[in-house]
Amino acid sequence: MSKIRVSIIGITGYTGLELLRLLLAHPAVEIAHLTSRQHENTQIGTLYPHLAHLDLAITNTSPEEAARDSDVVFLALPHKTAQDVVASLHGKVKLIDLSADYRLDDAEIYEKYYGIPHNHPTLLQEVVYGLPETVGRAPVTAAQSIANPGCFSLLSQLLLFPFKGRIKRANIVAVTGSSGAGKSPGEGTHHPVRNHNMKSYNINGHRHIPEIIRAGDITAEQLNFVPTSGPFTRGIFATAFIELKDAEARPPAETARAAYKGSPFIRIMPNGEAVALANVTGSNFTDLSFQSGADTMIIAQGVLDNLVKGAAGTAIQNMNLMFGLPETDGLLNLSPLYP
Amino acid sequence: MSKIRVSIIGITGYTGLELLRLLLAHPAVEIAHLTSRQHENTQIGTLYPHLAHLDLAITNTSPEEAARDSDVVFLALPHKTAQDVVASLHGKVKLIDLSADYRLDDAEIYEKYYGIPHNHPTLLQEVVYGLPETVGRAPVTAAQSIANPGCFSLLSQLLLFPFKGRIKRANIVAVTGSSGAGKSPGEGTHHPVRNHNMKSYNINGHRHIPEIIRAGDITAEQLNFVPTSGPFTRGIFATAFIELKDAEARPPAETARAAYKGSPFIRIMPNGEAVALANVTGSNFTDLSFQSGADTMIIAQGVLDNLVKGAAGTAIQNMNLMFGLPETDGLLNLSPLYP
Amino acid sequence: MSKIRVSIIGITGYTGLELLRLLLAHPAVEIAHLTSRQHENTQIGTLYPHLAHLDLAITNTSPEEAARDSDVVFLALPHKTAQDVVASLHGKVKLIDLSADYRLDDAEIYEKYYGIPHNHPTLLQEVVYGLPETVGRAPVTAAQSIANPGCFSLLSQLLLFPFKGRIKRANIVAVTGSSGAGKSPGEGTHHPVRNHNMKSYNINGHRHIPEIIRAGDITAEQLNFVPTSGPFTRGIFATAFIELKDAEARPPAETARAAYKGSPFIRIMPNGEAVALANVTGSNFTDLSFQSGADTMIIAQGVLDNLVKGAAGTAIQNMNLMFGLPETDGLLNLSPLYP
Amino acid sequence: MSKIRVSIIGITGYTGLELLRLLLAHPAVEIAHLTSRQHENTQIGTLYPHLAHLDLAITNTSPEEAARDSDVVFLALPHKTAQDVVASLHGKVKLIDLSADYRLDDAEIYEKYYGIPHNHPTLLQEVVYGLPETVGRAPVTAAQSIANPGCFSLLSQLLLFPFKGRIKRANIVAVTGSSGAGKSPGEGTHHPVRNHNMKSYNINGHRHIPEIIRAGDITAEQLNFVPTSGPFTRGIFATAFIELKDAEARPPAETARAAYKGSPFIRIMPNGEAVALANVTGSNFTDLSFQSGADTMIIAQGVLDNLVKGAAGTAIQNMNLMFGLPETDGLLNLSPLYP
């Protein structure tokens, strides 16, 4: 069987590199183009010595040219940059956009959170939000273009989704590893301090909020979202206190188990056991726990690897579905790196 | 002026060692006895090479004998062990107990949370709970014996206390460094995993809960408390979502500022700025932030060094007050170790 | 093509778990038995939640019974325990022993370093030392039983081997991650201290020394070996100062490049570039650098993941060779986890 | 007794901040000026929230003006910048320069290693190299201006000094924490990678080399120096393999003990015990060990906190000596932060 030819536009960031790591381990895939506007035909190992064994070049091939020679194109570009590239490629090749540019379906909310107008507001409706566990497999399978979820929002959505439409309010603390800040050094990722620090930022102002509220069918007024930086490289650890409009007798873990039936990467903890971040590192798994707290509150916790399930891994799940492959291909056999 | 003669009963744990670190930097103090039942007259540097420069011995002097030769005795014993020692010394010497044994004033609640009966229930009322910022300086100054607060509960109390009596409910996530688990290795502090892990434990079952609810004047049914282990050595980082019975117009940071007027170790962040764990390491400071969240919720965050403000530092604040010294002596000049 | 049936005897340690991680990603392998004497028919996810998605049981099947139903057996047992198991299985099934018990070919040296006599001294000659990069592929391919190298010694050997027979003396500092200490908590892996510590141990007394000197064709008197613990989970970072008997004009990196021609997991750094531990994490690669230092000294550095190339990965290289598969099968596509 | 008035020129870097931390705990000192050219009269807590409790301003007071109002001035400026400031203040106030500009006594070597000519070559002879443990107390006590040693070189010197004049050659690996790279974020201190990385840099080209060889009375050709970055915030851990011209029967630890008699911050480990980095964090202590290795080699190891003994702490030792105070004032009571 001929392999799926895959290109990554914007290979130089952590998301692009993680896509490559996963694609190299995928049995049905071959690499077509790895592109970056900053580099002209450079062996990847020259820039990234951890890949020195590969005979693969980074080129400045244009997205359009790469698309013509590919079955699927992953965009790992910064948001704002991705807007026009998606518009230019949509419908011409299977497309998976890992930027934030097509995650929202409302151009006004986009402008509110990202501070710039959206150049292609009508396209927002056509690009499918690619979180199979919440939107279902059918829309992803049928999609021409996919908007891959944001890492914070993805995990938060998975905590809220089982109770969608019934949530009165939710308070979430989500702690992220430093790789979530990307490849460019900055004050927040300066090792001497980050190494033993925790600090929140953008409380109730984070750009992932509109994605989260959609999954819970709530408004921004029903949510407090506290993004927090933690002293580790990979992963997000989130705790949600969820208050329902309607209390119910069924344990929340059962409700969640029913909601995620058929989702092979969601592992719901046996009752009373807590999720642990180290159990998912390097893998596409998300571990979730749900228990009844005091005062009818549900205490929900979740962990994932922000670069895998929070980005590149879900993107490959989406690719698998778009090509009629089992959702788990190339992903299920990649066990967490433990310890 | 003659110095205060101080003994530490149970020097070998992290709390005992941290007391010693602070006392050695205290200008008004001299060490009388450092005791441990496991060691007979051993130079402290033999057991703890980081103190190899000291000419100080660890002895198995009895608490009673140490007390006779001291102005104040710190007990850094495990709970249950401390019960009878406090009873034996109470009234004979100024006493500061860092165990959990006299933190609660109700023997039934003690038995419920600690699993054993309390041998000296009437003494529970006489030992003063030593958190000057919430109970005030007068009771501490007048006390014969002090029960020093638990680290998780201390920080949680400081988040709730400004709103005491007005709290409808509170949901708290508190992330602790590994030194909170003490000096004995265990699965939860095994470096290969702890190094990049986060995991909650004893959700809504932690022994510090009865202390917390007292400071907020709430019941256990109004609180969800999620203790969580983090991949760092020192510190607690806590986030509380607080719902008040009565909304008010005044910004919560102002309410807190008023509540902590005259508390030199409480630093309330300027509005909108987030606390950072690395800003308090090694010092007796607690940084707190309070902001209005969605849906009338207050989002409160706090950080402290669990071994200093969360244990030995507050104990020395208490000592200072008991001896009529400025509360800040020997503590204010110990700046955070940054970075 | 039918798959190779593989059993792991002693699945519960880090080495056993890492073998399983790699074998699950190997396209030509299926798991036969995962055994532990401590557990009777337990789902692996019950003990190891990071593997909760697997439908695989840990059983107390005997090594002999597992061997009868397997094409190859990996022993991940403690040394001393492995001695008799190897003797009992040798010749009956392809066998790869990851313990230290058959790494030396001299029973006296074994007794000197391990403190107990060897029960099967003649077997020491029959079990092949499985480091393909130094012993060559032929002996491994032909072997019935393999002794897999120790992690410290493996990396040190790779630094010395290009200069074998010509070394006057070597001084090595090798820093290891905490996973090298295994799964049982101890003082040396207690997170509060290990988190920001470095400390050497067993200087010139480490059990890997006799393996190292064999690869360099030197005596213990020509080697100083300083094993050191570092504050990270995975990896070894080693620096060797190598003095040759005969200086030569050729740059040492060229000599090494020639020595490792045909070794796909050895990546020799371009001249002047330094190896970095983070470039190999989770993968089977070893990065090496060699440069001429002052006073005719060669400065050689190397990095590997102690659980992969330092243990389970090399074991699977050996397995591949024993079954006539390409040495790289199931390993080359597992890129380093970066960052 | 009136206090010593102290100014810090260049307060905003890690060295300046660490000086301030130590000076605030020094009983004989009061702060005169904290200056930075980048900030005009800013409360220090506004820039550095970990110091929010202080009522101290950062100003852009000129060095000359600060000097007129101070008993001693610490320069915590980048090298090259410090050159002229030292020249302008020398002889007018007691001066302690923590930059690299006056550490060498030879302008040619300075230019070779720092890449720029030295504007004040004759002054190089007048500024005293301030490492009391090797140069003795007398020259420091008598000095007008002090050049404070570099962190890597300081520890390396302490390893070589006991054998000064007798060293045939030395090979050193020194691993530093990330705070050594200073306060500006860069690729080498980007947390996602640094967090679990080790990597050498400037092998045999580091600027601290000329300081090191002076202490050992060797040439650059007799030294290999491998500076290495480690995944921790504070500290240097160094291992030196030292070959003497003349072997001797006396254990090297005894030789070192004699050499450091009267040096209160040098702690020489009991024979056979290894130094541990975590034993000195936050303090001015240096722990050293010396043992006889194979082939007449001495294996010497040392640890220090790069910001304290490696910079600000030694600077305050020098200040104490310049003012006739006990060398240990304000330093000895600052115990290591353990754990």
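The chains carry the letters A, B, C and D, assigned in the order they are written, with residues numbered from 1 in each.
Criterion: a contact is a pair of C-beta atoms (placed from the backbone, for glycine too) under 8 Å apart; a residue touches a chain by one contact, two chains touch by 3 or more.
Predicted, not measured: the structure shown is a model, and the values here were computed from it.
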{"item": "Farthest chain relative to subunit C (centres taken as mean CA coordinates)", "value": "B"}
{"item": "Where subunit C and subunit D are represented by their mean Cα positions, the distance between them in whole Å", "value": "40"}
{"item": "Distance between the centres, which are taken as Cα means, of subunit D and subunit A, whole angstrom", "value": "46"}
{"item": "Centroid spacing, where centroids are CA-atom means, of subunit A and subunit C in whole angstrom", "value": "35"}
{"item": "Touching two or more other chains - residue numbers and ranges from subunit C", "value": "14, 179, 192-193, 195-196, 231-234, 276, 278, 281, 338-339"}
{"item": "Pairwise touch network: line, ring, star, complete, or other", "value": "complete"}
{"item": "Subunit A contact footprint on subunit B (complex, rising order)", "value": "169, 171, 173, 175, 192-193, 195-201, 203-204, 220-224, 226, 228, 230-235, 237, 239, 241, 274-278, 281, 291, 293-295, 297, 299, 301, 303, 338-339"}
{"item": "Sites on subunit D touched by subunit A in the complex", "value": "14, 177-179, 181, 183, 185-187, 189-196, 231-233"}
{"item": "Subunit A-facing residues of subunit C, complex", "value": "14, 17, 20-21, 24-25, 27, 48-53, 179, 233-234, 264-265, 267, 269, 273, 276, 278-283, 285, 287, 332-339"}
